[in-house]
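Chain naming follows the written order as A, B, C and D, and within any one chain the residues start at number 1.
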Amino acid sequence: MPQYILNRLGQSAVVLVLVSLIGFIVLNLAPGGPMSQFALNPGMSQAELDRIAEQMGLKRPLMVQYFEWFTRLFIGDWGHSFRDGRPVLSVIAGHLPATLLLMGTATVLSVIVGTWVGVLGAVRRYSVFDTLATVGAMVALSIPTFWFGLVAIFLFSLHLGWLPAGNMYTIGDRSLGDYATHLILPVAVLALVNVAIWSRYMRSATLDVIDQDFVRTARAKGLPYRRVLTHHVIRNALLPMITLAGLQIPTILGGALVTETVFTWPGMGRLFLDSLGYSDYPVIMGILMFSAILVLLGNLLADLLVGVADPRVRLG
Amino acid sequence: MNADEKISVAHLSVAFRRGAGYVPVVQGINFNIRAGETLALVGESGSGKSVTSLAVMKLLAQAPKTRIEGSAVVADSSGRAIDLVAMSEQQMRHVRGNRVAMIFQEPLTSLNPVHRVGDQIAEAIRFHDHLSKAQARARALALLEQVGIPEPAQRMQSFPHELSGGMRQRVMIAIALAMEPDVLIADEPTTALDVTVQAQILDLLRNLQKKNGMAILFITHNFGVVAEIADRVMVMYAGRIVEQGSVAQVLSAPRMPYTQGLLAAVPRFEHAGLGQGDLGTIPGFVPDPAAPPAGCAFHPRCAFSIAGRCDSQAPALEEVEHGHQLRCLRWQELTASVECAQGGA
Amino acid sequence: MSQCDDSEKGNSLFNPTRRQALAMAVIGAAGVMLPLGRPSQAFAAAKAAAAGQVIIGLSQEPTVFNPHMPHIEVDEGIHWNIFDPLFGISPSGEFTPALAVEVPTVANGGISADGLQWKVKLREGVKWHDGTPFTAEDVKYTLELIVNPEFRSGRRAGHDLVRDITVVSPTEIHWRMEKSYAPYASILSWTFMVPKHVLSAAADVNNAPFNNAPIGTGPFKWASRVAGDHIQLKANPDYYGTLAQIDSVIFKYIPDLTVLYTQFKTGDIDVTAMQGITPDHYEEAKGLAERTVVVLPVATVESVALNLERPQFKDPAVRKALYLAIDKKTIIDELYYGLVLPTETYMPQQSAYYNPNLPKQGFNIDEANKILDQAGWKPGAGGIREKDGVRLSFTNSTTAGNQIREQAQQFMQQTWLAIGVEMKISNLPPAVMWGDYWMQSKFDSAVVGINFLTGADPDTRDYFGSTSTSAKGGAGQNTMQYSNAKVDELLAQGASLQDVAQRKAVYLQVQEIIRDDLPMLPLFQYTYLRGYKSQLKGFAGNINLRIEPWNVNTWSWA
Amino acid sequence: MSTVATYPSFSGRLAWFSNPTLARFMRHKLAVLGVVMITLLVLACVFGPYLLHYTDLSIDIRNRFSPPLTGNHYLGTDALGRDTAARLLNAGRISLTVGFFAMLISTLIGTLIGVVAGYYRGWIGAALMRFVDAFLSFPSVFLVLVLAAFIKPSPTMITLIIAVTSWMEISRIVEAEIRSLRERDFTLAARMVGASHRWIMFRELVPNAIGPIIVAATLTIANAILLEAYISFLGYGIQPPLPSWGNMLNAAQQYLGNAPWLAIIPGLAITLAVTSFNFIGDGLRDALDGRSDLK
């Protein structure tokens, strides 16, 4: 077990170095930079911009900057935001809860709905429901998330006025109900794609299981249909889904980014976009690294969970 | 239904939906099994023997659609005769695992890999007897002991993959016997096992049958096993019974060329447990049920088929002696030659 | 504790507030013996003085709270409410005393006649939000911090001329200017004083805790910030000036203008600021019940900046023709819904230095064609004019994503094609656009909104002085690479003069020359559409500042 | 996982198709629908602009924000009074072209890396696959935006950016395919007659792995179109006046309340195109997978 984790961590280190290098090089070699936002300030000149860049350490050789940044990662110093000077980790930590709330709610919803749709589609293969679910999932995967969000805002906020067009809560309210009404649209939009993905995979995982001998055994035992479905079919069909869930993290994270931008959700996606706009390199790098770590941890967790959920798998 | 007949199957036919129509895969099967009796059902893969057993249990896969006709009568817990074919899925639940139980060929894949074997046994009990979890587990433990599993308390906690093949099949038997069923359908229960283990499982089944007097429908393609365990034999080909009779009648004096072919494929040394390849000595393949040959279904592969007769006229099941029936147009002509051959040996 | 000088506020209304301050101070210093007054009663009375909240919606997020670090406009909305300068500036352009008792002028002896010696008297009894008294040491520290090489200062221009800062007494400070520099008063009017005792204690002033929990002397105190979402300020009951009547000010960050507007409609936010309401929503917004929508002129002027070193633009005839071929009226009336102010100069029309007598541009394709014909630009391949191997073809850039501006750009593209000029649009992400591309004059032409002034001061050497071109090694924003000896001379003269009337004559002439030279083609002066709930009183713009929530302490709910 | 298996003989009403793969594909109703929709869309984008009354750039500011079916503006006009239909079709050219070339490049990259990684196992393969994993374990939207936000946008650049962030799936598929193929007899035969590695890789192995590559490539177009739309929607992609479906949406966002059709129409076009490619990909997957008949 520890050997396995060490291996995974070793792989992850490679991934992290690669991601950070790519990000760092792209950011620093591209024209423009964090100074340009001040260019139109009154009395600004190139000399002043150069002085500030110098003070921020941006004039040193790129490799020096990279190595300093990278080695400091390990002592928990991810640098300071160019914008508000706060440590990058606490900037990210400040935006993380909103993203987790959105992602978590959407993921739970997608897993529940997706599992249901997928299992039902597999059980009633080729039925009207199955056909509709299959076609529906394909269309859902094809709808641009951000556009779907726009249409939802137009319909439910601007036109009907039922739901807020953005934000996470109303200032001064912040009750549970208030959070809930703000969550509905972004969660629905984010969940749409995830339900589609999850139900498609769940359907094929269920089809793989449903014709297996042990399901027949369970039926031969005279178990109620529901019990056969839950304890034998779904329980086993979910096993490959754990790994899949791990692999889906980048997609969900990417989806959250898109959703946050449309619904002005104050999470990591929003932070990322703002940081791009202001060339806040430390925060951009921080988010890149953080997402990579999140994905890697998610995969690791998924592997460990499979080990727990599937007695045949012993990680070694 | 006779009082000591535990199951009585009549005119059982099964058809699968293909395209617009239905393709018959099992046609007009009749049999009954008395208490304590074992009926072996023999045939090549694709002959319809597994479909027959699954049709009785109504466990055929949902896709493609199937149509089952005829009747399969067993007694319910209060002794009333019930026809399984006519029963709803809801009603079948109370029959399966309770009045009629089944064990399968592959004990590894037939057990749920993610549940402990103790739970898998107890599960069956809980849902029929509405016992508490603890009570059901106590019964499961007793059952494991009964099927001869050493250290049953520990094995209760094992997962299927942690057990040997023989142990797994014992667990399957324990699950099947949990509710002391009237009828046990064993679908090639020993095929996947080592020869020595095979013998142990057959012993176990025989002993258990002696104890509780259940009727066993034993499906196999292995005549060695048939000789070991069965009282009577039924040979199936292309969805129909082609020969049936007592073990002595069929095994020592097969009349139908197909049965003869099957038997000829078994080496003289009673090497039980050889695979299906042995049956390959009959040339050709089982016909596609969607496009059955005209006349006798076996005629394309039959060494004795006569053009203009076997390929045009369908044989009926005829009684050749008491309890021994077969389906062949030429059985009378052939009997002589077989007797000559046997006499000469 | 509270021993404010009451000289300025003889209003009895203020009395309970001071008592509340006392109570607050006692509560704050837990463990100090409670004087047997009537604190609960005082508390209730105080609540009546500063209560309620106002939510200001911003389309950008304020993130820089140290007013001297590099920041953008939106940050100043926070600065104005937390900090004070020595003296501020009113919407009409007059300096108003703040931390200084009076605005130093030549007349009152605050500034010597040669403009070199400055003497500033400070208000007594002012306290920082943490209770420490404000003194001349803080002013000295602030002025020195701005030019401290260790400090990541946002802007040093003007301050780098200050020499020999002397603290005469806790309430008086003197310094000398390296040379006479008239705009310095304007610069000081938005130079906020920061506390020495807090910042000098920080290990690294660039990453001081202060930068995320600022302490000032202003009418509001820092309360809290949820990054990416909102900032909350609380009324400062110890403020020396007009006490805030609204207790809690929330700056809510709403990055999407549609959402911002929707929330203004539904009443989730009380005031819109920054980009505010988009012009296309103006008609609808005006009709909203219990909402007031105002059009506030700002000092930013939209223009097409031309890179004069490009051969296409060297010929004044080309610049004139291009200007004539802009359908300004349609751009303003249709794309901007007639809400911005047509202009012929860089100077905001509200400025005392504005020249109203400049010739008016009129959209005239024929005239433009004639000018080009006469100048020898002949139609060549594809109908694009050329002369001496130079094609009248160039790119135009601006920040990608500025919708209306992009529309204006495409509209100009069409009318310029009608005079045989090809403009290719190449818009860039902000980081690319305003980097070297802009600063080092690598563009051909650009649509850009610039506030050409230094505060309220008319000095524009940074933009039109020939030594202010970075691409030529200068220091400034003359990215058009404009160079006119007469303008240089006038600008130098204007900056050194202290007399307003004399200066005005100079700058009127500068505007005339620039209108004639057309280094940039002026389009219009920006206005911002601001909406607020009608019950809110006291909302006002200030053209001399970059953002308007500058006077929240004078706001109140009806 | 092989697609080179001989296909089971197929009898029935579609027997007139000589190619069983094509026959299987034609039985997939959605896939056929996808082909029809894409064909129509491409034809419309290629020829449609010539049939309209307006070009995509002709500004008519007096008639801005005309709703659909105003005069000859079948889909209305935008904020500059330009014909939405003309812009939509011209945008389609850009968006589909970007999607197609992004697919082409990423398929090339993906195939190349996949073939090399699958053929040379050992450390080269391992290193390459780690590299693939690195890219794959990362929300590519983040990387795409970082690239797009700091690089001068042009259709070529956007195509490249999308391509370099979406080749990983293909290389993983190809790697798995090649790994199994290289153990086959024909590879051994080729090696025995002394064929070079390059010959074996690209003349023997790749053609045999072409099925899964085509499927993955089809799905890559779908994703590339979505990605382009998103980048342009955020303002970092294709820049106006060049229209793309994404930047039409970007421009429409501000007028969502007053002119919703400006937002709805390009979104529908994107959905239509992407759905079609997804349908086709699904159909191809079933058609190229011989086993689907046996199920």
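Here is the rule we go by: contacts are C-beta pairs under 8 Å (C-beta built on N, C-alpha and C of every residue); 3 or more make two chains touch, one makes a residue touch a chain.
Just so we're on the same page, UniProt names per chain: A, D = ABC transporter permease; B = ABC-type dipeptide transporter; C = Peptide ABC transporter substrate-binding protein.
The model shown is predicted, which means the values in this text are computed figures rather than measured ones.
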{"item": "Taking each chain's C-alpha mean as its centre, the one farthest from chain D (ABC transporter permease)", "value": "B"}
{"item": "Geometric centre: closest chain by C-alpha means", "value": "A"}
{"item": "Length of the line joining the C-alpha centres of chain B and chain C, rounded to whole Å", "value": "91"}
{"item": "Rounded Å distance between chain B and chain D (ABC transporter permease), as computed from the means of their C-alpha atoms", "value": "53"}
{"item": "Chain C and chain D (ABC transporter permease): spacing of chain centres that average the CA atoms, whole Å", "value": "47"}
{"item": "For chain C, residues that touch 2 or more chains besides their own", "value": "256, 258, 428-429, 431-432"}
{"item": "For chain B, residues that touch 2 or more chains besides their own", "value": "none"}
{"item": "Sequence positions of chain D (ABC transporter permease) contacting 2 or more other chains", "value": "149-152, 234, 253, 256-257"}
{"item": "Complete list of chain pairs which touch one another", "value": "A-B, A-C, A-D, C-D"}
{"item": "Residues of chain D (ABC transporter permease) that touch chain C when the two form their complex", "value": "57, 59, 61-62, 64, 79-80, 148-153, 234-236, 239-241, 250-251, 253-258"}
{"item": "Interface residues, chain C side, partner chain D (ABC transporter permease) - complex", "value": "256-258, 278, 280-281, 330, 334-335, 400-401, 403-404, 406-407, 410-411, 413-414, 425-429, 431-432"}
{"item": "Residues of chain A (ABC transporter permease) that touch chain D (ABC transporter permease) when the two form their complex", "value": "11, 14-15, 18-19, 22-23, 26-27, 30-32, 135, 138-139, 141-148, 150-151, 153-154, 158-159, 250-251, 253-254, 257-258, 261, 272-273, 276-277, 279, 284, 287-288, 291-292, 295-296, 299"}
{"item": "Touching residues on chain D (ABC transporter permease), where the partner in the complex is chain A (ABC transporter permease)", "value": "30, 130-131, 133-143, 145-147, 149-152, 222, 226, 229-230, 233-234, 249, 252-253, 256-257, 260, 263-264, 266-267, 270-271, 274-275, 277-279, 282"}
{"item": "Interfacial residue positions of chain A (ABC transporter permease) with respect to chain C in the complex", "value": "30-49, 52, 55-56, 80-81, 83-86, 91, 94-95, 98, 153, 157-158, 161, 164-168, 170-172, 263-264, 266-267, 270-271, 273-274, 277, 279"}
